[in-house]
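Got some structures for you, see below.
Look at the two complexes coming up: subunit A is in both, with subunit B in one and subunit C in the other.
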Partner chain A sequence: METIFAYLPPRTDPLADGAPPGLRTAIQPCLSVAGWPTDAGAPALADYAALEDATVVSRLRQAGATLVGLTRTGEFGFGLTGSQAGMAVRSGAADLELVVDLAGESRLAAARAGIWGFKPSWGTVSRFGVIGLIPSMECCGILAGDAPPIGEFLRAAAGPDERDFSLPDEEAPDLSGGRVAAGETTVGVVVEALDALPSPAREAFRASLATLTAAGFALREVSLPDFPLFALVHQIVGAVEASSSAGRYDSVRYGRRSPGAKNWNEMYLLSRGAAFGTLLKSYLFQGAYFQFEAYEAYENACRIRARLLAAMAAATSQADFLVLPATNPAAPAKAATPEDIYAQSRFTAFANVTGQPALYLPPPSGEDRPGWQLTGPRRSDARLLAAGEHLRGILQGGE
Partner chain B sequence: MDFSERIFCGELTQEHLRREALLCGWVDAYRDHGGLLFIHLRDRSGIVQIVFSPEYAPAEVCRNAASLRAEYCVAVRGEVRKRLPGTENPHIETGSLEVFVSELTVLGEAEPLPFAISEKAMLAGASSGGAEQVNEELRMQHRYLDIRRSVMQRNLALRGRIFQCVREFLDSRGFVEVETPILTMSTPEGARDYLVPSRVHPQSFYALPQSPQLFKQLLMIGGLERYFQLARCFRDEDLRPNRQPEFTQLDIEASFIDEEFLYELIEELTARMFALGGIALPRPFPRMTYAEAMDATGTDRPDLRFGLRMVDATDIFAATSYGIFRQIRERGGIVKGINIQGQSEKLSKNVLQNEYAREIAPSFGAKGMTWMRVEGGKLESNIVQFFSAAEQEALKDRFRLADGDVLIMVADPSPAVANSVLGQLRLHLADRLGLIPPDVFCPVWVTDFPLFEPTDDGGVTSSHHPFTAPDRADFDPADVAELLSLRSRAYDLVINGEELGGGSIRINDRRVQRRIFAALGLSEEEVREKFGFFLRAFDFGAPPHGGLALGMDRVVAMILKTPSIREVIAFPKNRSAACPLTGAPAPVKEKQLAELGLLNLGGRDVLPGDAAKESRLDRLSWVSRIGIAEGERPLLEAAIARAAELAVRAGELAGPEEPIRSPAPPSRRIRPGREARRSPLAVDGRLLGNAPAVKGDYFKVAAILE
Partner chain C sequence: MEFEAVIGLEIHIELNCPTKMFCDCPNDPGAAPNANTCPICLWFPGAIPQFSQAALEKAALLCLALGGELQPRSAFDQKVYYYPDLPKGYQLSQAHHPLSRGGGIDIADEDGARKRLRIHHIHMEEDVAKLVHELEGRTPISLVDFNRAGAPLVEIVTEPDLRTPHHAMEFLKVLRTQGRYAGASECSMENGTMRVDANISVRPRGTEQMNTKVEVKNMNSIRHVGDAIAYEIGRQSAAVQAGEAVVLHTRLWDPDKKATFPMRAKFEGPCIPDPAAPVIELSPAWIETMRSRLPEMPAPRAERFVSRYGLAGEEATYLSADPELAAYFEALIEAGIAPRTAMHWLTTQLAPALKDRGRELGNSPVTPRRLAALLHLLSRDEINAQAAREVLAALFESDADPEEIVRSRGFRQVSDRDALGELIDKVLEANQTAVNDYRNGQDKAMGFIIGQVMQASRGKANPKIIREILATKLTSGR
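Moving on, here comes the complex of A and B:
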């Protein structure tokens, strides 16, 4: 267990007060839990203990959840290298795991662990208390063995939070879900996403879709020629936002102070030089480059982002939901550079760029077939979960 | 559509009754009376009410009319009718008429507006809107909408008419309008230049003109004799509320003339311009020398709308026993005062001592202020006991003090400080006591300025510019005392304490000009380098000449009584010299900088801690304050190289879309607030719990300075 968890609270008997334990929830230390060492796996937050609960954490507590511990994570939860995300659920130590999803981490971790992974719509779940890096793309991702805990999480935690001033002024999302019926549902397949898969994974993925047609779903090819640009936009905007966000790690309010600085500038240079690992530092330098040497690149990326949002809206309007691969078999297993992370998240980063929800649906256990990533328009979270549950039934031969 | 038939909304009269009219314009306001739709249709000329009635208009027209919203651009055809008695609208010129529409064409739809444009109420007695409350930045960002407002229409139209009046008048006096270059050399005006890089001559720059000074003098040497121009000028000055980086100046120069010619010309012209705003200026304009203005008002921009003249009282205290005044006298200082007649009720001891003597006068630069109130024929003050009876009598006599008067006095070792402080107090008191009459205009010529001002190093510098003629030519360029006594043949036009313009008779004798340069301490070589091309022209028979420039933005703003000159400029810059509409100034593509040879220039900028910033990686390490370990360099270099590739790709792939920063931005930036309070985490000190170094209630950091 200690390989999965970075921190376990002092043991208490969950049944001591007679109440049944609620959702046993493992937390990535990128989410604040009052008094716990939520250091985001980052040297920049060494020795840090959160002062307050993140909104999602306090809402889960109110809904009766039990927090089981903090899982191991890579620096600021960016990528899965050094992360144990998904293992707590897989091992049965937790019913639910919360992670930050910056470029697809929740779905990729789910694929790695063979469990469910869900990234909710941007703006529906409060980010107050999330130790973030890329504010316009990140959100709290949810890992679980099945759909119900995810729905339970959303019902408990989603909706307006006056402490998160970046939230759009929207009502809580409709979480009633609705019915998914095979005969009247169209599934869109993003052609360019499939094209980006290397052989033989591409053929295997196509073959897996036969299950859908067999179950009576209409398959429709949907074209998104700009699909390869999601990674480009994510990297430029993400690096700029990360470089800005990381400005707060100045060894004044938290973190470690490197000794020997004679003045403020030296204090910053030395402390911040030691605060970031080389991979994250590469990313921050890329962000600094865009901000200080090539600002137009950031503006251009934001322009392309607008185009991608429009193109994705057009694509999602052509089907009830879209299905894409989640993992990139051509990506290196371990990430040493930002480019490695973008190779790993080639099929997941889009949802962070657009803010739309995405669900990773694992193949039935024991079957050697690719998992599916489902997605729909922003705020269609409940429908997507319902579709996932329906498909899970089909995959297990239930319906 | 045949627009030639179009009639202007505001020009409909009884003559058009029962006739058909084609009107074009914008939906100013609308009122739906369940099927009967009333619309205020607005064009440049004004507003008329149009009516969509199911009894008159075809059903389809009524249906289309229902979709009309504010600021839709439409054309309508209909019949002009008299309004029913009791439904007339006194707010608009055409308030007794309305037009029953039979045809409607939507020429342009409008999205919901960022601010209201309509300023005319639709109903008699209702209050009208107005964009005065709207954030100015928002107005400027959507200036094309702001200009639709009748106030802005009026401002711009009248500005145009004033400019037209200038042209007609000067043309009638034989002046020729000549344009001078915008891309030019730096001129000696004293403010910072706006520079334009030359592509053909890398690392060389044009300067935008701060004024066409040199060119207009060259036109005189060129024999044009009478020149004018409504010239755009540019000054990169520190930001002040009522100043624009580019402004329009009426530039005038004439040959074989003297001051009297220009006074008559400008008075006539100014009077004509103000007449367009319904303002009659008193003529002739009075004149004050610089010395008189400074003496009586403490400023060279005297506001003569009210009295409160400053009077010297230094001599009264020749043998005073009041220590402060005595010391100031001994150090060559002066004592001056103002009699604020009949205001002792409004200026209590408390106000005079605690506000004026303690706060306001020191904020103007004074060390103190003395005040006395006159009651029952006696002076009352906190220090009156220090003055002898003779001194008190002399004060009453000098300032003609009577019961109810208040005397304020400022004494300072520096006469300049005493004048300046008392001058500012004069304006402050006039404003506070409501002594400035509204709608009164007091023009004045200020003349006889000192030609030179002393510099800190014991020399002199030109008060105006080095081409201004002195009042006499027989001076010794080496005698600083004599130089400082010289007067210039310069003059400023001041109205209500605001300098609207100024000018001078110029030097046309090259020998005098040389002596002026000598007085300024400029060597032959420096002179040649700075003004060579200009002075060369004086070697070929320069006529006597002089001229003047008027700041037209200020003139128009004063005539229109607008609170700021931005209200009379179609597309002004904001207070930080930026244009919220276009986004100027804006960064440019690196390619453009490369073409202009400016990339290396940037590298020469020296930042603190810049010693070892020659490489891009070191520069980025510095600006983001992240140190680098030697072993990290190759990876970070590669990361930046990859970022540079991404930047190029983004440049190639970006389209015209508006950039977005968030998938779903909050629509309300301001949310209902709660009471401001200290965070409980700060109160109990938990906030400091994670800090690596703490001292008392504070985060502890390294020493600030290097």
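Moving on, here comes the complex of A and C:
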């Protein structure tokens, strides 16, 4: 258990008499749990204990969930290096795991563990209490062994929160799902995403789609010529946002202050120097570089982001949902640099750039075939989950 | 060579909202250090800014009061610099999409001619924390008070339309009045709710070039702004004349030495759009609602005071510069007091009485209703002016109505002709010399006699009736 969890509470929350046991939930310490050492796996927050629960955490508690512990994570949950995301569910220690999804971590962790991974639409789940880095892209990601716990999470936690303005306050998201059926539902295949897969993974992925055709789904090729730009835009905008988000870790109000400084400047240099690991430092330097030395590149990235949003909206309108790979077999297994992380996130970063929902659907256990990443327009979360459940049935030969 | 200055002002105004701009902490920087802080304004991990509707409304009212055009869409940017007074490592400000563009202020220039000074834009901004440098034994330490961090500010950036210290001072005076009228801020440089930076450059008079400017800070009164600008114009003109180049930098005004001195500049980077604070979208309907909440502004109000109440231009400007004073004046008129009487009593009696007692019009026990009651007694000749002044003093000490004070203290004027006739006969008898002087053509003896009668009546005689009776009694023998 120590390999999976960074923190286990002395005793799990006692269950109310006679109440059915709620979801056993493991939390990545990037999500605040009041009084727990939610340090985001970062030296910058060593010894830090959250003052309040993140909204997702407090809503899960209200719905009867049991918090089992804090999982190990890399710095600020960025990338999977040092992260045990997915292992608590895989080992049976939890029904549900919450992680922060900055560039695709929930889907990549799910692929690694062979479980389900879901990134909700931006603005569906409150970000209050999420210790993040990239505010315009990050959100709480969900890992589970199957679809129902994810649905349960959404019903408990999604919807307006007066502490997070980014959630539309007029309406709760529609969580009723929607009908997915062979003969009525069109699945879009993103051509350029497949093209970016190296051989033989590309052929294997194409072959896996035959299951859909065999089940009576219409497959339609959808073109997104700028697909490779998603990861690039993510890196430039994400690094700039991370650089300014990390500005708070100055050791003035919290965090560890390095001794020996003679003035403010020295205190900043020494404390911030000790606050971040090498990979994160490179990322923050990249952000500072774009902000101060190559501002035009950053502005261009913002413009391209708007264009990519429009292109993706056009693509999602051509099918009921899109399917694309999640993992990049060409990426290094362990990320040592931001570039490694972006190689790993080549097929997942798009959903963080656009704010649309994305679901990783694992292959049936024991089968040697690629998992699928499903996506749809923003706020189609429930429909996507319903599609996932339906396809799981097909993959397991139940339909 | 004769020089002229090109001056632009950047004015920070602290809005008088009950809470800070992005959290619910009280907007009260003067409280015990760090009493008014929370995870949002201390920028703890996981915090999300919650934009204050009150701050938006106050800022919008101020923009409208200054003739600005509220933008349908404005947004916050991050002004990045690292300093302990900045919890985020950046200050939320509106660099790319300000709340309002345009607008301006009309002033009277040195010759009394009307001059328009344009405003480039007005944007919202959060204030930073306060640093206090102290000694702990012999070790210098710095303390940070975050009470002010996140306090709502607007920054007004003018066009470089100003040419003289006079322009700057007049601009600030009018701005202060407008800010108070809008109910947005007290706009006091002395109390730090209005802070002014001046950008100054010089050029040969008659040319149109824009030369390198110098920013001057640290003035804490409108007068100091004028002094600092005058000094800086002199310094730069002398430098240019001596063939030295003016370099872009920031200087601090030292009010004791009456001079500006260069300061070390803070590092500042470009502003990037903030992904965490909300984008502000204003509908035309909302803007109109705000406009309808704006009171009549001082300039049209002064014009109305002249045309409707017959005040002199100067009097009207004086009254309308202070929204409370102007409202008080109109309340007196509403209560049936003649405009001239109201103006006279406000400026020559009530204002000094308040000042003597260290009170403000806003918390004066002498409400318009009570003063009007007093002035009615005066106009109906029930008391005389001397008694009225004493009743006014009494109004500060008790809650009683003026009528009651007049009754209980015996201020009622004696207008009974028979009783006064008797009193006057006694006075004339006792002052034969003066009577003879008057009869021999010395008119000023009349004043002396009236004074004697007033004294004999212990101030209660009606001076009008004394005059009438005296006129009859004395002319008979003249």
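In the analysis below, the second predicted complex is superposed on the first by the 387 of 399 C-alpha atoms of A that agree within 3 Å, B and C clash if a C-alpha of one lies under 4 Å from a C-alpha of the other, contacts with A are read in each partner's own complex, and residues count from 1 in each chain.
Here is the rule we go by: a contact is a pair of C-beta atoms (placed from the backbone, for glycine too) under 8 Å apart; a residue touches a chain by one contact, two chains touch by 3 or more.
Keep in mind that what you see is a predicted model, and the values were worked out from it rather than measured.
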item: Subunit A as common anchor, with subunit B and subunit C clashing or fitting; value: clash
item: A:Cys139 touches, of subunit B and subunit C: first, second, both or neither?; value: neither
item: Partner chain in contact with A:Arg253 - subunit B first, subunit C second, else both or neither; value: both
item: Subunit B versus subunit C as contact partner of A:Tyr268, first or second or both or neither; value: both
item: First, second, both or neither for A:Leu232, with subunit B first and subunit C second; value: first
item: Which of subunit B and subunit C A:Leu309 touches, first, second, both or neither; value: first
item: Contacts of A:Ala54 with subunit B and subunit C, given as first, second, both or neither; value: second
item: Residue contacts on subunit A - larger count, subunit B or subunit C; value: B
item: Touched partner set for A:Ile4, first subunit B, second subunit C, both or neither; value: neither
item: Which superposed partner A:Glu296 touches (first subunit B, second subunit C, both, neither); value: first
item: Which superposed partner A:Val190 touches (first subunit B, second subunit C, both, neither); value: neither
item: Superposition clash, subunit B against subunit C - the stretch among 189-197, 333-341, 369-377 or 531-539 that is involved; value: 189-197
item: Subunit C-contacting residues of subunit A that also contact subunit B; value: 48, 51-52, 136, 162, 165-166, 247, 250, 252-254, 264, 268, 292, 295, 302
item: Contact set on subunit A toward subunit B in their complex; value: 47-49, 51-52, 122-123, 136, 162, 165-170, 229, 232-233, 235-236, 239, 243, 247, 250-257, 261-270, 272-276, 278, 281-290, 292-297, 299-307, 309-310, 336-339, 353-356, 378
item: Subunit A residues touching subunit C - in the complex, by the definition given at the top; value: 32, 40, 45, 48, 50-52, 54, 127-132, 134-136, 162-166, 240-241, 244, 246-248, 250, 252-254, 264, 268, 291-292, 295, 298, 302
item: Footprint of subunit A on subunit C - complex, ascending; value: 39, 42-46, 48-51, 78, 80, 82-84, 87-90, 142, 144, 146, 269-270, 272-273, 275-276, 278
item: Subunit A-touching residues of subunit B, taken from the complex the two chains share; value: 587, 589-590, 608-609, 616-617, 619-629, 632, 635-636, 638-640, 642-644, 646-647, 649-651, 653-668, 671, 681, 686-687, 689-693, 699, 701-706
